[in-house]
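First the structure, which I've put down as structure tokens, then a few questions once you've had a look.
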Amino acid sequence: MKPPFHQPVDAAQVPRFAGHSTFMRLPVVSNAEGLDIALVGIPWDGGTTNRAGARHGPREVRNQSSLMRRAHHVSGIAPFSVANVADVGDLSVNPIDLLDSLKRIEAGMTAIVRTGAIPLSVGGDHLTTLPVLRAVAKERPVGLIHFDAHSDTNDTYFGDNPYTHGTPFRRAIEEGLVDPKRIVQIGIRGSVYDPGEHDWAKDQGIRIIYMEEFLRRGAEDVMEEARRIAGDGPTYISFDIDSIDPSMAPGTGTPEIGGFSTREAQQMVRLLAGVDIVGADVVEVAPPFDLAGMTALAGATIMFELLCVIAGQVAAGRTVAGAT
Amino acid sequence: MKPPFHQPVDAAQVPRFAGHSTFMRLPVVSNAEGLDIALVGIPWDGGTTNRAGARHGPREVRNQSSLMRRAHHVSGIAPFSVANVADVGDLSVNPIDLLDSLKRIEAGMTAIVRTGAIPLSVGGDHLTTLPVLRAVAKERPVGLIHFDAHSDTNDTYFGDNPYTHGTPFRRAIEEGLVDPKRIVQIGIRGSVYDPGEHDWAKDQGIRIIYMEEFLRRGAEDVMEEARRIAGDGPTYISFDIDSIDPSMAPGTGTPEIGGFSTREAQQMVRLLAGVDIVGADVVEVAPPFDLAGMTALAGATIMFELLCVIAGQVAAGRTVAGAT
Amino acid sequence: MKPPFHQPVDAAQVPRFAGHSTFMRLPVVSNAEGLDIALVGIPWDGGTTNRAGARHGPREVRNQSSLMRRAHHVSGIAPFSVANVADVGDLSVNPIDLLDSLKRIEAGMTAIVRTGAIPLSVGGDHLTTLPVLRAVAKERPVGLIHFDAHSDTNDTYFGDNPYTHGTPFRRAIEEGLVDPKRIVQIGIRGSVYDPGEHDWAKDQGIRIIYMEEFLRRGAEDVMEEARRIAGDGPTYISFDIDSIDPSMAPGTGTPEIGGFSTREAQQMVRLLAGVDIVGADVVEVAPPFDLAGMTALAGATIMFELLCVIAGQVAAGRTVAGAT
Amino acid sequence: MKPPFHQPVDAAQVPRFAGHSTFMRLPVVSNAEGLDIALVGIPWDGGTTNRAGARHGPREVRNQSSLMRRAHHVSGIAPFSVANVADVGDLSVNPIDLLDSLKRIEAGMTAIVRTGAIPLSVGGDHLTTLPVLRAVAKERPVGLIHFDAHSDTNDTYFGDNPYTHGTPFRRAIEEGLVDPKRIVQIGIRGSVYDPGEHDWAKDQGIRIIYMEEFLRRGAEDVMEEARRIAGDGPTYISFDIDSIDPSMAPGTGTPEIGGFSTREAQQMVRLLAGVDIVGADVVEVAPPFDLAGMTALAGATIMFELLCVIAGQVAAGRTVAGAT
Amino acid sequence: MKPPFHQPVDAAQVPRFAGHSTFMRLPVVSNAEGLDIALVGIPWDGGTTNRAGARHGPREVRNQSSLMRRAHHVSGIAPFSVANVADVGDLSVNPIDLLDSLKRIEAGMTAIVRTGAIPLSVGGDHLTTLPVLRAVAKERPVGLIHFDAHSDTNDTYFGDNPYTHGTPFRRAIEEGLVDPKRIVQIGIRGSVYDPGEHDWAKDQGIRIIYMEEFLRRGAEDVMEEARRIAGDGPTYISFDIDSIDPSMAPGTGTPEIGGFSTREAQQMVRLLAGVDIVGADVVEVAPPFDLAGMTALAGATIMFELLCVIAGQVAAGRTVAGAT
Amino acid sequence: MKPPFHQPVDAAQVPRFAGHSTFMRLPVVSNAEGLDIALVGIPWDGGTTNRAGARHGPREVRNQSSLMRRAHHVSGIAPFSVANVADVGDLSVNPIDLLDSLKRIEAGMTAIVRTGAIPLSVGGDHLTTLPVLRAVAKERPVGLIHFDAHSDTNDTYFGDNPYTHGTPFRRAIEEGLVDPKRIVQIGIRGSVYDPGEHDWAKDQGIRIIYMEEFLRRGAEDVMEEARRIAGDGPTYISFDIDSIDPSMAPGTGTPEIGGFSTREAQQMVRLLAGVDIVGADVVEVAPPFDLAGMTALAGATIMFELLCVIAGQVAAGRTVAGAT
């Protein structure tokens, strides 16, 4: 029997351009109670040091997510049939106060996590991942599979400012939110401030797979290693849209040419199946720099790919539970 | 005591870029029961003979309406304090069937009108006004104050097709939905198919105020005449965004240079106060041809101006009723 | 001796930005008599359920085709030297009447086919391929090599509407216009309405090569199979521009990330040599969603690639005939 | 009896987005023989010192002119009913040789003028007006009514280069092509190289009506003076699109804020009725800098306005001639 | 004798598209010593509550200012001949720390003011005017002529945050930087949070001239009053680009339709002559939302208009001094 | 000890959007004396036969180069630590005189070359490479590694014009500036004027590696051959941005689909290490056709990649010299 899960609007009865814009055309719910997966926006970019705009990301990703349908054509997973999913809205943020925003995001995400729902969020700049990790990893450090052009493990900015979208993962390690031995960063590329810029990260045990290594090895091999690094423990997935090439994702704050194709990105996300995902995000979609919604569409599709993987995990857990 | 009306999201607590996108950031309600004014989208452009795109109008007008605040700076009217207003969603339409869509729109609008709420809709192309009038004017013909670059009183197209966005008002007259003696069209301009193109309309008694006459007389004088033509009877307001100049409203299907400035349009809408408005629309906002949301912003602001006028009318009625 | 074929304007005497815009800068002729290959536009998108705009495709593809030169740099084929080619204009369509348009397109295309010219058309949405097939396959079913992100074999829409741009190939099979055993669809990808969405197509015998299979096998292997499936019989080629990645072809109604690169698309079209092509099209170029003419340029170049293949086929036939 | 003049395509049978793109959807003819008015493109911008792009002007003005209909809504003139008008194509130009282009343009325009047709051309940058005047004013100097933000009477550039788009009217005076006493320039504005920059022009007898004077006096008063200055003699009309405000005509090489509204421009062109027009142009439409075709639409509409005035003049002459 | 002032690059020798981009093509100097007028950028938008982007304003205003020439065509003032003007670069800012930025801007501006140069700055959002006033009005309160769509005298945001781009002038009054009796705000319009939103400002003595009053009275009358309000004392000019209509200045964070035309804005700035200007700014140019550089061009031209007025004031002072 | 080389602005103290726009945020110097590598703009496109705009290339490449950091993440080379590099500004050009511009460019480049600095320039159209070679190869012919979609070895245009952006390398061979046996062209593709179009080039000994051959062989193999062809002698590197796919570099005059990915381009440039580079350029970036700065970013990054290779070469020479 089909469970009474939330269902998206039926595109054969309500055209995709009609109706209110929500993630995947799902119902909006006021909180995450009863959900398996909570889709949530974090519209904040106060950690951005150059081109802001990711604050507008959730709205445009919602718009473009109207193009998503009900099932994955490769895995066959129909997420809305096997998991209860809904749009829980945007977390509270403060556009002019960085520290207040970090607190608000952590509080909002903690409320979701406490219901048992797995959060799948759309940023916002990459600094938003820090308060999300504070909520998700409150109990124990988590592993991290991180797709990005940048390592985001810088130390400070303008003297001693510890919080920018270039520093979240150094802070997360310092705060014990992530286990550096279980971190893998994939797609890192672009000019650096210093030849030794990534030494600290590597010293912590982070595995950096540069774009050049990815090109030599391919997605399957790289993701096998990534799954091995993350291991069996709880793992967070962070997908910075700037890991994708700027021709396919121009709407972002720090573009670097030579990025992943969307095909490669899709393939890698699909190969996350089997990881114990406790949360995931898509960040740095910055609509003011986007072209024809292209980046928001890429973001919405990666979000759908992540959703299908997490729904598969939910379904697997449910089946086992049901079998007991 | 402040009545328990629906209120928009507070922009000092939830930034304008955050949250779901609804008309004026108001709550979404499932039907119009209890509302004084129902904000509604009609995402359909199947009557468009050249550049389609107005089907995407409601979504983008909703997005830009996030910039509207709570009170009118000239009239002082605070619409959400004096009237119960909400977003009732989009009417059902069929993107590939013209006649089916006309029926669906009429049915959807009839359901709203029956609750007693005054509909304020966003199109869609101008043909959508025909089924709206079928709902609004079911009982008796209404007057019409019509802002447009085009008279939209053509007869047929491609032989004998009676329904396009160039024909709604001829059909409405033929069907007895509008009283031609109580119709005024303001802003008409641009090249015509035939020097006698407007003869039929004039023969019916429609008063056409061409742009050139408007320029000579000004908004106050023209609107005094418009109010006189509409008289005391129930009147519908139809605002085609292409009445505004293409530099201020490029996102429309049939642009004509030499249009109204937005200042003139705002002034005219404000001068509708006193008319007995039974419904109103803003049509022909076509986002695929828009620039930076400029047309959708103009559409959203005109919608807000109309809302304030209608709310003033509601408040006036309410006061009287309360006084009894 | 160089045959007295129609020749494009000489770009060393008339710059590419000068002169009237026609397909490949060829002369316009009033009908297809005497032509080997007829270039034709089908400016209609009334079967589009979400983002319309392909009605504007032929005009922009003509504009961008001004960048094409006289010979293919790989095959060496100089199409205008070996075949008589011209721009026969656009077929008659009716923007507000779906069924009337299907009749007009079929009639227009039948007039071309009767002259013996091979039609190479530019849509228009994908529903236009149905009336084209009704003209091309009047005598016998044809094979089909179909490049697309979507199978376009859905059944109905909004209850019982049989004709949308998602249904042409189901209708074509039902009408006996194509032999399902001789159909191959290449590049299919993206989320689906149902995990079993393609079951009907597969049951008919259609061979679907998903993007993922293409990535594993490569263009040469896939096209060898495609040629084998089409066999020796008359075959139609349908190229939906959304088979190409949205970063390279953003101007289309239903974009799906993870698509073909233009290099792959060009390679596949070149590997059509040897197929008995009786007609071909490039569809779903939607300029209102395009960026800098990029999609129209891709469409024009794919059209040129198809033209060279068909011209090679014409030349081969001509040579044989000449040898007799 | 309606004369057998060339007629535009009927938009009620062929949608505006269909068919080849020509000026006003008129037939293309190979030369001007038999025409009253020849519509012609001059796709060349080699005199541009900053932002080139007007070479692409004729193509985009043709595209946007598809929105023009058959009659003028104010004057009632139906140009295609009272004059024989057609699109004679683009003049030959050489993109990389300034002097060769001036010769080619003069030759091409001379061929048109010799047939007796009145040329109405679309540039191209403003230097193209010089060779046009060499053709039109071969026999005697003409008057000039010139709408522009700039006087275009500079002397030389980069030392001693006499030909740029800032110098045509100084050259035309020196060559005796225009009578400086019969020149009026309207709309001049913007910062200047030198406070005395216009002294030479004024010394020749040119009447410069700056934007500020226009604002004080209005279009009627200014145009009455303009007609008086031009007098009864043969007069050329040159309309630089940058006379219009950049918000309404952004696609031009040298934008200056504070320009004419399109309404004012239309009004002024209409007030040219009565002038003995021997040729006219619309120049400096530069599509690479345009937005959504807005400038090309303004250019096409001004062209239509000019066409109606000239057609009225043709009709008046024809009537008289017929009466004889 | 021409004084040895800094001169812009000569456009007849170095095309406008060549060379490094500086304000008005002037030399860059490392500090304001010896300058009469210092052109300076303040690239910061951390006070923006909705659409950020004004941090990119100075760079694009510099780019577009390459179109400015050497003299004003109405006043005849040649600013670089009568005053020593240069580009002193951008003030130091901190993108992620609001309070630190306010300090840095105040310090940078103080260094300029101490040299005796009059600062003419380009923002940045409107909060940047607060630290500028702290520098300019250190000694005594100044008058303020303020062009804007918004009064920017709100109190707090998100509870108790005192600093946003909606609050600078309330803070400036509270800090005694401006004399509220000598403040005039021109062009205020748009919906408000509360019908009494401007009561505080009016209670302080600020004169608000709404757009509607401006339309009735015209620029000359309004500016006569503005000059009277500012009086003979030192006065600061603040020009928010959103005072101009969004069709002419779309690139801004808080657009309101119904704004000034650029002609009106230019006229008003010219009528500032005679005011004792101690500093001026153009703020809220937000390039990520701009179209074709239109807003930056408007900003650069308003900056040039302000420069000419201030240079005239400098020249007047210099003449007197020289006469002694 | 860190040598006293010119250093870019520190992005941790001055945000990337702040400050004047120079190549790589380096200081501007008035001439190349003392530099190892001179970064220089050549803003001229007078050789362009279709879509001009590359004259605006240097300005936008400077803007986007603000995103470059200090070291290469693969080679580890920190160019500003091992070589003295600065922005020497733009060469003098004449927008309306082709021959004068060729002389000016040659003169400007000769002045740079004489200081011993290696020029790394940004065009400008590809004809600018001819006068650069006249300066660089004054003493002896050089080798050439040339990335492009087009061979640019055409002969004449419009009869007998020898100089366009399609002819520079034929002229360079005729003038003895390059040794045709040491020329390799990589990435050539797209339709040709004639099947034998490249015969002349091949007859001279030029090695053309078409895109199709590149796809079969890969970057490493192709670049090994390229280095072998260039040999040990002095070699010039010319990178036409249209070698990259139009989806990644749309802002160019002659786009050809099926181009290099930026990843491939980066890989090839890195494999230039070991070649004796005497000069290099990036040409044909045409901002008026660009999207969101994407092409300028690609151009700036390729420039950085070239800079790192040349800096490595400088460092190697310096080390050796220092060791002596």
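Just so it is clear, A, B, C, D, E and F label the chains in written order, and each chain counts residues from 1 on its own.
Note that in this section a contact is a pair of C-beta atoms (placed from the backbone, for glycine too) under 8 Å apart; a residue touches a chain by one contact, two chains touch by 3 or more.
Quantities reported herein were computed from a predicted structural model and do not represent experimental measurements.
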{"item": "Those chains which touch chain F and also touch chain C", "value": "A, D"}
{"item": "Least step count from chain C to chain E, where 1 means the two chains touch", "value": "2"}
{"item": "Option reproducing the contacts of C-F, where over half of them reappear, out of D-F, A-B or D-E", "value": "D-E"}
{"item": "Approximate Å spacing (C-alpha centroids) for the pair chain A, chain C", "value": "38"}
{"item": "Rounded Å distance, chain A centre to chain D centre (Cα mean)", "value": "56"}
{"item": "Numbers and ranges of chain E residues touching at least 2 other chains", "value": "13, 15, 17, 49-51, 55-56, 95, 157-158, 245, 247, 289, 291"}
{"item": "Contact pairs between chains, per stated definition", "value": "A-B, A-C, A-E, A-F, B-C, B-D, B-E, C-D, C-F, D-E, D-F, E-F"}
{"item": "Residue ranges of chain E touching chain B (in the complex, touch as defined)", "value": "49-51, 157-158, 188-195, 197, 210-212, 215, 245-247, 250-251, 254-259, 289-291"}
{"item": "Residue ranges of chain C touching chain D (in the complex, touch as defined)", "value": "13-15, 17-22, 28, 41, 43, 55-56, 58-59, 62-63, 87, 89-90, 92-93, 95"}
{"item": "Chain D-touching residues of chain F, taken from the complex the two chains share", "value": "45-53, 55-56, 94-98, 100, 157-158, 161, 163-164, 288-289"}
{"item": "Residues of chain C touching chain F in the complex", "value": "11-13, 15-17, 67-74, 76, 78, 245, 247-248, 261-263, 266, 291-292, 294, 297-298, 301, 304"}
